[in-house]
Each structure stands twice: as C-alpha cells, then as structure tokens.
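Heads up, there are several structures right after this.
Below are two complexes that have subunit A in common, paired first with subunit B and then with subunit C.
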Partner chain A sequence: MIDIMTTLMTLAQAAPEAAKATNVITEHLGNLIPELILLTGGVLCLMTGLGREEGTRKATAWIAGASLLLAIIFIPNIHTITKGFYTKEILDMSGFIKLAACSIGFLLLLVSAAVPDLLPQTKEAEKASKFDPGNIFRGEYFAFFLFSLVGLMLTAGAKDLIWLFLALELTSLPTYVMVASARKNIAAQEAGVKYFFLGALSAAIFLYGFALIYGATGHTDLTEIKNVIAAQNLANGELSGMLITGLVLTILGFCFKIAAFPMHYYAADVYQGASSAVTAFLAFVPKAAGFAALIIILSTVGWIYGPEKNHLPEILEILLWVIAVASMFLGNVLGMIQKSVKRALAYSSVAHSGYMVIGLLVGIPAVASDSAIGNGIAAIIFYLFAYGLASVGSFGILACVRNEKGEEVDSYDEIAGLFKNHKVIAAILALSVFSLLGMPPLMGFLGKIYIFGSAFQAGFIWLVIIAVINSAISGAYYLRIANAAFFGKPAEGITATNTPGRLTGAFIGAVATLVLGFTGGFLVDTASHAAEKPPVLRDDESKDKAAAFDINLEPQAALNKDIYAQ
Partner chain B sequence: MTLETLLIPAMVLVPAIFAFVLLIPGKVFDFKKNIVAFSFVGTLFSFIISLFIAFNFNWGEPVMQMQGAIPWVPDFGLTFSWGIDSISLWLILLTTFLMPLIIIGSYSSFEGREREFFFWMLVLETAMIGTFVATDIIFFYICFEFTLVPLFFLIGVFGGENRLKAARIFFLYTFTGSMLTFAAILFVAWTYSTTHAGVWTFQITELYAAAQSMPLHHQGLVLAGLLAGFAVKVPLFPVHTWLPLAHTEAPTAGSVILAGVLLKLGTYGILRFALPMTPEAIIAFAPYVGSLAVAGVLYAALVCWVQTDVKKLIAYSSVSHLGFCVLGLFSFDSNNMGSIGAVMYMVNHGLSTGALFLCIGMIYERFHTREMAKMSGLGRAMPIWGFFMVFFTASSVGLPGLNGFVGEFLTLIGSFVSPYTLGWQFAAPAAAGMIFAAIYLFYMLGKVVWGPLKIPHVHGHTADWKPSDLNAREISILVPIAIVCVWLGFNPNPLLNSLEKPIAQLSAPTNSIIDAQKEATLKATTPAHVEADISLEPQAKAWESKVLIAN
Partner chain C sequence: MMTLAETGLQYPVLAHFLTTGAILFALGMIGFLTRRNLIIVFLCTEMMFQGVVVTLVGLSKYHMNVTGQTFVIFVLTIAACEAALALGLVVLMFRRKRTLDSLSWSQLSG
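== the complex of A and B ==
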C-alpha cells in the first residue's frame, strides 16, 4: 500500500508525471470495459431482482445473460480472433481468460438460471399474496454470479499484489453465498460454512505469502517485483529465503482455489452439498481464477533457473511437482471409490488440477518456438477451456435430473439406466465424461496432447508417465458413470426437470467438446499466442515487447504447407 | 485434390454418415428390416469403394498411395492425413468385406434397440478403416482408441449375462495400455521436435527417422510403451485375460468384428510402428516377446482343450493363433517370410475365425446355449451348418489347400530360419501349438458336429423338436467367406507378392542392423579369439605375482 501512496504523492507533485498516470488509468479502463459491463449488469440485476412485478423479477436472468454477451464483444482485441482462424494478431493471456470466463460463464448461466426459481423459499414467496422481498433470491444470485466472474476477469489482468488479492476475494466471496443459497437444505448450509471458513483460511495463507513477497521486494507492483527478483537473482545467484517462503505460502494458498493437494479436502463435501448447477460454477470459475493467479505469481519469478535456464527455482519446482503428483493420485484414486457421482466428479476436478499444475512446471519457454507445444501456460489456458466445457456438460446434466423425492440425483443408482427414458440427457453426460477422460477425438484429448507434449518438451518425462497412468486410473470412474447411465437398471421415479435452459447449456458444452475436438485448431492457435509472453514482464522485457510480438510465423507456415501439399 | 484422393475419405466416412442418418427420428426406421437394409447398403457402399480403390491401386509400388490431408491443429503439427500401401489395403478389404456380411448376420440375433446397435456397428466400421488409412500417428491413435467406444456399447447393451463386467474390463484394459502408447508417441514426436527447432509433427514417415536415431534405452522405452497398447489389443500372453470374457459376452456381431478385425489392430500397430521405429530395441526385446508369444500359443491351446463353451474355445484359439502372428513379425529372416506370413495370417484369421463365430452365433440363436455337453451330433440335424463348421475349422487349423495353412506355415518357417532374433527354440514349441490346435478344434467338432444326435432342450419347444437348418440368408453369409478362403488357399501368390516390398521396407532398419551385427561378429570372431588368449596370460601372471608378494 505504501508505494501506492507514494505514487499518489509523486503524482500530485509532478504534473507531467500525472498526465502519464492518467493515460495509464484510461488505458486500464479501456481494458476493463467487459468487467465494467458485468458490474453494471450485476447492479441492474440487484434492482430488477426486487422488482414489484413478477415479469421484472423474471427478467433478471435475461439481463445477466445479455451483459455477458455484451462483455464478450468488448474484450480487447476480440475482433482479431473472429477475423480468421490463423491471424497473427492475438489476445493476451488476460484476454483469453476473459473470453473463457464470459463464454463458459454464459453456459454456466444457462445451466444455473433456474437455481433461484427452484428454491423452496422463492416458490413460497412467489405464491404469497403479499410481495416479500426477503425471500426472493433472484437479484442476489445473478448479481453474485456476475460479480464472481468479474473477480475472475480482474484476476487475469492483475498488475499489483493488492489488486490480485482483491480480485481473488471478489471471485470467492459470492461463491460462498451461492453455495449456501438453498437455505432449507442442510447439506448446502454445511457446504457453505465449510467453504467459507476454509476459504478464509486459504486467503489468510496467501495473504501472508503476499506480505512476505512485499517484505522481500519492497513493492506490490508485479512488474517491480519481477525487476527486483531478477536483480536479486543476478546479484546473489539465488532468491532470498523470505521471498521463497512468501512464494511457497502463496502457492499453497492458491491450491485452495484450484482444489489441489494439500488444500483439496473441502472439494468433495462442498461440490456435493451445493446445488449441481452451482457446483458447475465452482468447478470452473475459482479454478480458473486460481490458475490465473498462479501463472501471474510464478511469472514474476520466471522460468529461467536451473542448468538449462528453463525451470523454476528448485524449491518451487519440488513443491509444484509434489502438488501435481499428489493431486493426480489422490483425485483419481479417491474418485474411484466414491458412491456419489458428484463426489467422484469433485475428485476428478482435483485430478484435473494436478494435470494442469504440470503446465505450471513447464512454464513459458524463453525462446518461443514455431510449434504451440512446449508452452505450459498456453496448455493450461487451453485445458481450462476444455475442462470448463466438459464440467458444464456433466454437472449441468446432474442438475437436470431429479430423483423421486424431488432432490437432485447424486448416487450411481439414481443415474442408472438414464438412457432408457432420457436419451439426450444420457448422451450429453457420456460425451462430457468421455471428454474429461481425454478420449479422442474430443477436446479433452487435445488438452492432454498439449499438456503432456509440453511436459516432454521441458524434460518432465516421468511426470508424463505418471500422468498417463493416472488417466488410465481415471477411466475407472468416468466409465462407471457412462456404464451406469447406459446399461444400468432404471431407478424408480427419476424425472427430468422442466428447465430448457439447463439442458441447452449442458448440450452446448458437450457438443462443443466434440466440435472443438475436430476444429479446435484456432483455439490452440489463440491460446499459444495469448501465452507467448508471461503476463508480467520485466522493464527490459517489455521494451522489446513490440518486437517480440512480431515473432516470425513463416517456418511453421512453410512446414504446414509441406505437409498439406502431400 | 483429385477424385482419387477423395476415394479414401469417402470409404471411411460413408458408414459414419449412414450411422448418423439412422439417428434421425422417423417412422422409416421403426422397422428392423429397413434398418438392416439401410445399414447393409452403407457397408456395401464402403465395400464397393474399397474394391474400386483396389482396382486403381498400383500393387507393384511399395510407397503410400492416394495420399491426402486435411489440416486439423496446425500448431501441433496434427493433420488428418491418409494414404495406403498394400498392407493396409488388404486389411481394409478384409474389414469392408466382412462388415456387410456381419450386418446381415445380425438380423435375427436380438430384439429391440436396433437403431442403436446398427449405429454403433457403422461407427465402428469408420473407426476401423480409419485406423488402416491414417498416415498421421495421432489420427491413427484416435481411430485406434475410438474403436473402444462402439464396442463398449455393443457389449454393454447387447451382450450376454455378464456383459457389464465384460464391457468394463474390455474398456479399461485396452484404455490403460493405449495411454502408455500415447506417451510413447509423444516421446517420439518430442525427439523429432528437438532436432527440428521445436517444430512438432506426427507424420509417420518423419517419426520413423526420429525414432531410429534414438539411443537404445530410449528406443526401449518407446517400444515398451507401444507394446503396452498393442500387446493388449493382440492380445499377447499374459495380458490376454480380457479377451475370452469380452468374446463370450459380446453379441455375435461384436465377436466377429473383435476376432476379425480389432485384434489385427494390435499386430498392425506392431508392424507399422514398432518395427520401423525402434529397430535396435526390437532386437533386444525379440527373445522376450517371442517367448511370450510361444507361451501364449501353448498356454491358450491347452486352455482351449478344457473349455466347455464353444465360443470361449474359439476365443482362446484366437489368443493362440495371434501368438503365431507375433512370432512371425519378430522373426526377421532374410526374406521376411515371417512378417509376410504374419500379415497373411491376419487376413486368414479374420476370415476363418470370424466365420466360426458366425456359425456359433447361428447355433446360439437356435438353442440359446453354447455348452458342448448339452449338444452333440448336430451335423445330423443340420447338415449344411455342419459342413460350414467343419470347413472353417479346417481352415482355422491350417489344412493345406485352405487359406490358414499358408500364413501359418510361413510364420513358422520364418521363425525357424530367423538368424538373430528367434530360432528353432521358438519355432519348435510353436509348431507343437499347431498340433494342439488341430487336437482341440477337432475335439470340439467331434463333440458338436459328429457323434450321436443330442439337441439341447430349448424353452418353449417339445423334447422331439428338430432345429431348422441354415436358411438362405445364413448360407449367403457363409458362402462368400468360404469362397475367399479357398481362393486364398490355392492362390496366395498375389497377396504374398504384393506384401513383399512394403514389408521389406518396414523391416529394413532392423534387417540392416542385423546384417551389420552379423558381419561384425564374423570379422571379430577370429582376431578376438587370439587376443583373448594373449590377454589371459599376463593377467594370470600378475595375479600370481600379487599372491607371491602377499606371501
């Protein structure tokens, strides 16, 4: 904070400096238009959600959806990917994550638009003769939904530790309320409380880490931190103990957000307790925010250590290696022995974080190669997209189906034989879990090529072998889901909810995994260019930024031409 | 792209297009007859295109022909690229030839959910042909993996009593193996990228060179990964345990496809990828893989002998027969007789074992049992069926004059004269396996076809009920296969000649290493011997002197 204040004081003193600073602020604002649109949308939702007329209240979901679609249009440089599949102009990493947040966020909205409508308190309040604002939940729900997405988008564009912390909290705080939204369901209450307390603990841990990083470098601005770390490394040949401790604590704190070992304990309970549509949200948004934050923090250190100058500092590398391996094994082995589908998918979420942490270990190569494979960060953001689509499909379907008591289905017995009476629903579920499994030709498979190939490129051969063994283990429970849905004996009293939006969202998510499996080339291209440079650049690096963006694409194009000419 | 390059994609995609048309809601497909006729037309289309390709194919050229490509993920170097040589063309012909027959054959094998059944059958055909035409290794891998999904559903929905377990075990077993194959493929592609400025490609021909330049211990890792996937698929002893379960529980059509084509994906993968990519490692691994193959041949033959379920017996016989195939692939004799025989064996096994499964399916439709103890002398009640059963068994045993003989004989000869990798130690016990095959298969015939007439009791029929013999539809399925069996038995030369060059190309790296080693040992034997004698002396003396000093 101190240096912000000093900045402000210097601003007041020097007028030309101030002019420059205003430019910076306007530039930031220009980049923040999508966030501002969502914020405005959220505030509008708060108002319409409490409208006197039922029609106004029901419009809340539409407002949220419209603001998401509007936000996509205003993502900086978004027009460049619509121009053509293989253009040289690019989104940066924050742009890509914003795109993912808004587009998958829209699917999540489709899936969860009916959540407030289906709550018992809303139903009672709608039936009551007198309007009762205390029990109508729509406004809060959609506003929190949008605020959380804003948090994710701000995280991706963070330039300062304080900004990063506030953005992460903005992502998480609304989700605590969303989890507990089903007030009469005791499991949701438990999940909400558990999620909140453990979330607060993790925030404390990474905030402590931030404090130590600040102590070690004297800055909260990420670019300055990166400068100081580079200078420290140059002077001493190693990083100070305080800095390393700070980084380790930060990474451990972020593990909560991405649901990775050792902070994965909450995942199963919270994912199971929350309404399935909210679970889909939890599986994607905090995870994406956590990975964005990890990428930003790690890029202040840079992948420039080790004998070949392409690794993280050894301690961080060991830490991330352990996190990756333990998350994969814990997630997949525990997922295998679950009786509840939601818990199994929660553990699968832990395992997927493990795969993605491999990408963090690989990082961004100093010299961009002509091929997309080799850039771990690009692999992560692509994988996040694939994972988001598949988890919208799978959790969305679980939200679509009710058992005879009218509760959301949860156990394998309840989804058994789904195919017999609900063919489309079962097909979507199967497609989604096969994509999670990484079955070719679905999108999850491309994600696996990306991550594992990049890990090879960085020399993590054993990590790849561990990861493919884990993919094989994960087959057991994904297959069990498909097995139950298609071959089981249909359970009594299973009905599909009358929520077309939910089915549409899940359907789009699942079909997208199939279509993007075949046509995902442009997305790989976008991801690889988005992560060409780390999100935080040293001063000397950002000077050649303009030059670096003009990386010659000719050799790759020539190679492709050769291949296609055959 | 000329019309010729589009023939292959057309052949691959036609079944899939027909499959998706089947899903369109409407009354036309509420009748089984329409569905079967429609799927039959789809597979027949594919067969006709494949015949057309075969006529336009230049059989003398060993290179990939009719190549084409569609970009997929250019940043990864991934393309959907295709091309065929004579090895793949023979296997494609086998697939497209069997599929229409299987479709007609499954007309009466089950009731209900027909759309689903034929949908998966047609999708499966696309995946199988795709495997044989791919020249991009990830494209190959996609099709290879994707064959699991249709068969998973075919077994899981339409299988026997224990179908859920069978489907699950089948899927997980093969999926686990092929994940390791995936890692090996990425490893090779990465090796390529390190020597090509970080550019990745998955073109098979490019990867051959990259993999061959790897050091031995890396080649060993790659070969282990490739074999993990392919050996499960073959299946090689001791990872064969999924096969009998999957076979017995699968519906007839599933068993025929499994035995006829899917098992060949494993041997095809070994031939197409493992042999040319990792020549040094192949030589190091050959004795071990050979021993496993021989163990599989003998073990499965003995297991066959004690089976009481006819289908299970044939399923185990596949394990035994495919052992010969692997043995042939690893023999590397100077004329490549082993490998040529192995490819011939793949085709023959697909025909004769596929036909045997069809015959058994016909029995099962009539009696709803396959227990040998419950039936005997069926040849008396169903003479036409008896004829075909004996005919295909003879072909499977390798009776000279029928197709099975040529391939089996060549693989055995190949491994007998194999100079460096295998030898008579492997061929002799395998030849004993041939005798076992004759014993257990004729033992089965003796029980089921000959002997006193005993008809299993079928629910809803009186005790003196006589089963009807094969009808025209069933005969028309078996006759084409029988004709091809005889034709290949008497006239194997076109097939063998066309295989010579491409196989010589694929095993050239290994053969050249073997030749080099042979020359080196020839040169080295005499001088090395002398040197050894000389060098022994001083050492002995030095040792003595040390002893003296110590004393």
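== the complex of A and C ==
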C-alpha cells in the first residue's frame, strides 16, 4: 500500500520534473563525449577495414589509436583531473576509470594492432589479385575493440540498472567475437564458445539479480534505489529478503566478469586459447568493468551497517569474504601447478581479483581519513591501473615471441632462456611479473600496500594475513617465469615477431610499472579523491556534494578570471 | 472440486508471476548444466532470460510503473544479439567438428 502511495506521489511530482529532463539529457550527453568519439571511431574502423585500397585498410589501426587519444582529451573535467594529480580536486570514480580505460586501452591497442595482419587468411586476402572482403576482419576487430572499451567506460558512469546491464553486455559481447576470431586455430574457437556460453549464463544470473533489486525497490534509477534502501533500513532495521537475494545474485553474476570464485573456471581455458594480445585485453577490460559495476551496486547499499557503521550487510560481507579467500587460494595454488605460462597468468588473474575484492569489503569510510590509505574503493581503482599495466606487459611479451612452428609461446620450456637472445623482451617480462608479484619498487607493490593497508585499518586482520600468505605463494610461479626466462636453457627456434607495436606497448606497460612505482604518489592521491564519495549518492548526500563542488569551483573560477584578465 | 475463484487463481497476483519467473529461470539453469547439445544449452540461457522477463513484467505491474517493462525491451534486444552470436559460434563449431556435443570441445584443460 505504501508503495502505491509513493508511486502516486511520484507521478504527481513528475510534471514539473519533465522540464528538468531536457537539462539532464544534455548533461548526460556532455559527459559521454569520449564514448561518442570511440563509437564514431569504431564505425569508421568498420568502413575503412573494408576499403578498396590497401592503404585505407592499413589505416584502420591508426584510426582506432587516434580516436582513443582524442577520447582522452575529451574526458569530462580532464583539466581538473590532470590538475588533480597535484592539487586536491574532487573528481568522481567514473572519470578515473575512463582515464584508465583510454590510456591502458591505447597500450592494449599497440599490443593487438598486428593481430589481424598476422592472421593467415588476412595475408591470403591481401595477396589475392582481387580483394576479397569476406576473408578479412581488420575492421571488425578494431571496431569491437573500441566498442568493448566504450562498454567499460559506460559501466563506470552508469546511473541506472538498465544502463548498467546494457553497458556490461556491450563490454562482453565484442570480446566473445575477438576471442573466437583473433587466432586461426581450434583452441581459440573452443575458448570463444566456452567464454560465450558461460558469459550468457552469468548475464542471466546478474540480470535476475537486477530484476529482484527492481522488485524490492520499485526503481531502476540507482539514486532512487539508494534512497529506498536507506528508507527501508531505517523503517525495518534490516534489508528485505528480496533485495538481499537480488544483491547476492548480482554479485555472483559479476564474479564471471572479474574472473573470481565461483565463476573463475573459464579463465584458464579462455586465456590460454585466445591469442595473447586478446588475452591482455580480457585480463583488463572485463575485469575493470566488473569491478566498476560491483562498486556501483554495492554503493547503493553503502558501507553503513554493523556495530561500527562501516560494514556491508552481514550476508554480503560473508559472501564477499568467501569470494576473496577462495579466489586467492584457488588462483595461486592452481597457478603454481600449471605447465603453461598463460594458464599460470590466468590463475594469477583470478588471485588478483581476490585481492581486489578485499577492497570491496573495506569500502568507503563514512568519515574520510587524512591518510591516503583507508579507502578500499580508491585502492581497487589504483590496483586496477597497476594490474592493467603489468598484464599488458606480460601478455604483450607472450604475444611477441613465437616458437619454431610459428605459434605463440605458451609453455615454460618455450620461454626458457629468452634473456640470451632477446634481452629487452626478457627484461620486460620479468619486470611485469615482478609487478604482479608485488616486488617493492614496482607499482604492484604500491597497489598491494594500498589494499592490504586499508583492510588492516578497517579491521579485516585475518583477510590481510591470508592475503599476505597468498602473495608469498604466488611468488612460486611468478619467480618461476622470471627464472625460466633468465636462467633456463634456450629453446630451439624461438623468434621475436616483427611487430614494433607489440614491443612498444609491452615496454611502455612495464616501464610504467617501474616509474609509477617510484612516482605513483600522485596517482594514489587522484584515486583517493576519485573515490572520496561513492559513485551513487542518496539525495541528501548529493546536496552535500554539490556544496563541496561549489567550494571547490571557486579557485577554478578565480583562475579563469586571471586568465581572462591577461 | 473447487471452483476457480476458490483456488485463488482467478486473478493472477504478484506471487504467481514471480513463481513462474523463478521456475523458468531454474529450469533454464538446470538445462544449462545438464544438456550437452550446444543449441539446447543456448536455448536454456534464453529460457533464463525469459524467466527474468516474466519477473520484471510482474514486478512492473506491482509497482505500477513502466520501468520494469522498459527494462524488458532492452533485455529482449540483448537476448537477440546473443542469439545471433550463439548461432554464429554454433555454425563455426559444426564446420570444424561436425558435431554439436559440448564435450567434444576439450582441447583446453589442465
């Protein structure tokens, strides 16, 4: 009955709000310029990929790269963000994730720019006297690459359950095609089929969760959902069963995207079967989208439960605890017993999801602390950046090296002794796996300190102990990779591919982990400002935020005045 | 013999919609986990989607707003996209293996 009353009242209020709607749409579109640029770039890629001249077709990768760079420039408040590296500007999580998506996306593009060129059917099609568009998929590859990144960026900025669902599907659907078609062998197709079917299952599961969340609150708008949840919690002292069921199903569905227990089993097969360049993409983009979605969904509930008012509801906390611990142990123990480097790195990806889920448990403290450590969400988005760079480096290197049959290297024997003949390649690989391991000067170490430190401050002592033990276990296979590459007996017929883009991408990724390990303080600051407030705010909270923005806009306005005065 | 009015089934209420949706979803999930023919497996995920759709429509009626039904349209669109992809992958598989048995894909393991 109360629900009906609220609905009627909402309808009564709807009339004056219609005028506001136009403004809202303009505001939304203003925030979506980078996505629109990438979408336009993707459509252009679809056209030039089938161009009549060879030059036009070869330009496709350049168009994709140019649109990524252009998108970075047009990220909303990019001036504030770049300034925010050094000053204390407030920006939101979606801005940070969009920046990460575009910049790491550019490295990923460098790594995978040669994927369509290296396919045998492309070579045949290019050599043929009459161009046969049926055998070439350059346009599709780069277009899907960009579309998937757009999905990630839209996920980060989601304000509605429907939007979130569509954005997540936009992230996933292109990756299924990329996995199945970027390599001309049966393993890639097997990986594609497995990935697709399990992806569809996970989509159905989190969609059912969305339906139940909608049922429990009567809204799909995330702000409204947060309002209703807060009101229900105030009225009943607990959350309704339907809401909890919905949230649990949603989290389980998202576990597929982040490759965490209990939906982790596809990761090894798919990462191994896919072309290494695509694997680098899979390791970062869907995972970032999954974590962005998890942060958004969990912030509708908020970290305001428990005796100290800084925890999630108990059931969700237990669920996330189990997910974190199981992912860490499964990932690291299974990673240790693999014979294939790609499978080991895939299981390491599962373990990294486990570490990041700890950050979800910590959440955003109600009162922002002075120190940078303490905010779990900030730690997650920083860790995603670190993980993205290191995985570009490691998988990018695996894509660079071929065995004697001309296939991508996969086993420990094949990367053995890389250092002897390919010094730079071996060094990049070692740097990347050390960052994944969390060696002190590198960025991965900073990320781990950040996550474990925030968990320690929030009182998750056992989780920190388990995570540290797991970091030690993970050393076994990371060091095995580095050891094989440096001190192993060189295998016969190992060659580096003639793809400067790949090496450059991996090189930038690995060097960035080193440089940002030393100078990453500004990125930590930016992350902690980005996650100062949860991405979804209650109505009363957003008023506070608006006030905070007003205060913060004053120096900007003063700055503008100065500029105009000159 | 009870009349229809006595059974309480005369007017479908929210519980009926939710139960139908949940049953469809559960059947789809069971089918997904037990069947081996890839087309059937795919249809099972479609059935899970339809379970969600029934739930959404029922809840939309209950809350007396159309947001749930709007959601349904988007869900159906995505389901159509997935159908296109699934059929593409199934055709690809049949060309390579001449079978649709999901257990024939077992090259990757370990």
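As a convention for this text, the second predicted complex is superposed on the first by the 519 of 566 C-alpha atoms of A that agree within 3 Å, B and C clash if a C-alpha of one lies under 4 Å from a C-alpha of the other, contacts with A are read in each partner's own complex, and residues count from 1 in each chain.
Everything below uses one rule, namely that contacts are C-beta pairs under 8 Å (C-beta built on N, C-alpha and C of every residue); 3 or more make two chains touch, one makes a residue touch a chain.
These numbers were taken from a predicted model, which means no experiment stands behind them.
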Partner chain(s) touched by A:G520 [first = subunit B, second = subunit C, both, neither]: first
Partner chain in contact with A:Y208 - subunit B first, subunit C second, else both or neither: second
Which of subunit B and subunit C A:S528 touches, first, second, both or neither: first
Which superposed partner A:I465 touches (first subunit B, second subunit C, both, neither): first
First (subunit B), second (subunit C), both or neither touched by A:Y265: neither
Which superposed partner A:F74 touches (first subunit B, second subunit C, both, neither): neither
Contact residues common to both interfaces of subunit A (with subunit B and with subunit C): none
Of subunit A, residues touching subunit B in the complex: 86, 369-374, 434, 439-441, 445-446, 448-450, 452-453, 456-457, 461, 464-465, 468-469, 471-472, 475-476, 479-480, 482-483, 486-487, 518, 520-521, 524-525, 528, 555-556, 559-560, 563-564, 566
Subunit B to subunit A touching residues, read off their complex: 67-69, 71-79, 81, 138, 141-142, 145-146, 149, 152-153, 156-157, 163-164, 167-168, 171-172, 175-176, 179-180, 182-183, 186-187, 189-190, 193, 197-201, 203
Subunit C partner contacts - residues on subunit A that touch it in the complex: 3-4, 7, 10, 161-162, 165-166, 169, 173, 176-177, 180, 186-187, 189-194, 196-197, 200-201, 203-205, 207-208, 210-212, 214-215, 218-220, 268-269, 272-273, 338-340, 343
Complex interface listing, subunit C residues touching subunit A: 18, 21, 25, 28-29, 32, 38, 41-42, 45, 48-49, 51-52, 55-56, 59, 62-65, 67-68, 70-71, 74-75, 78, 81-82, 85-86, 89, 92-93, 96, 102, 105, 107-110
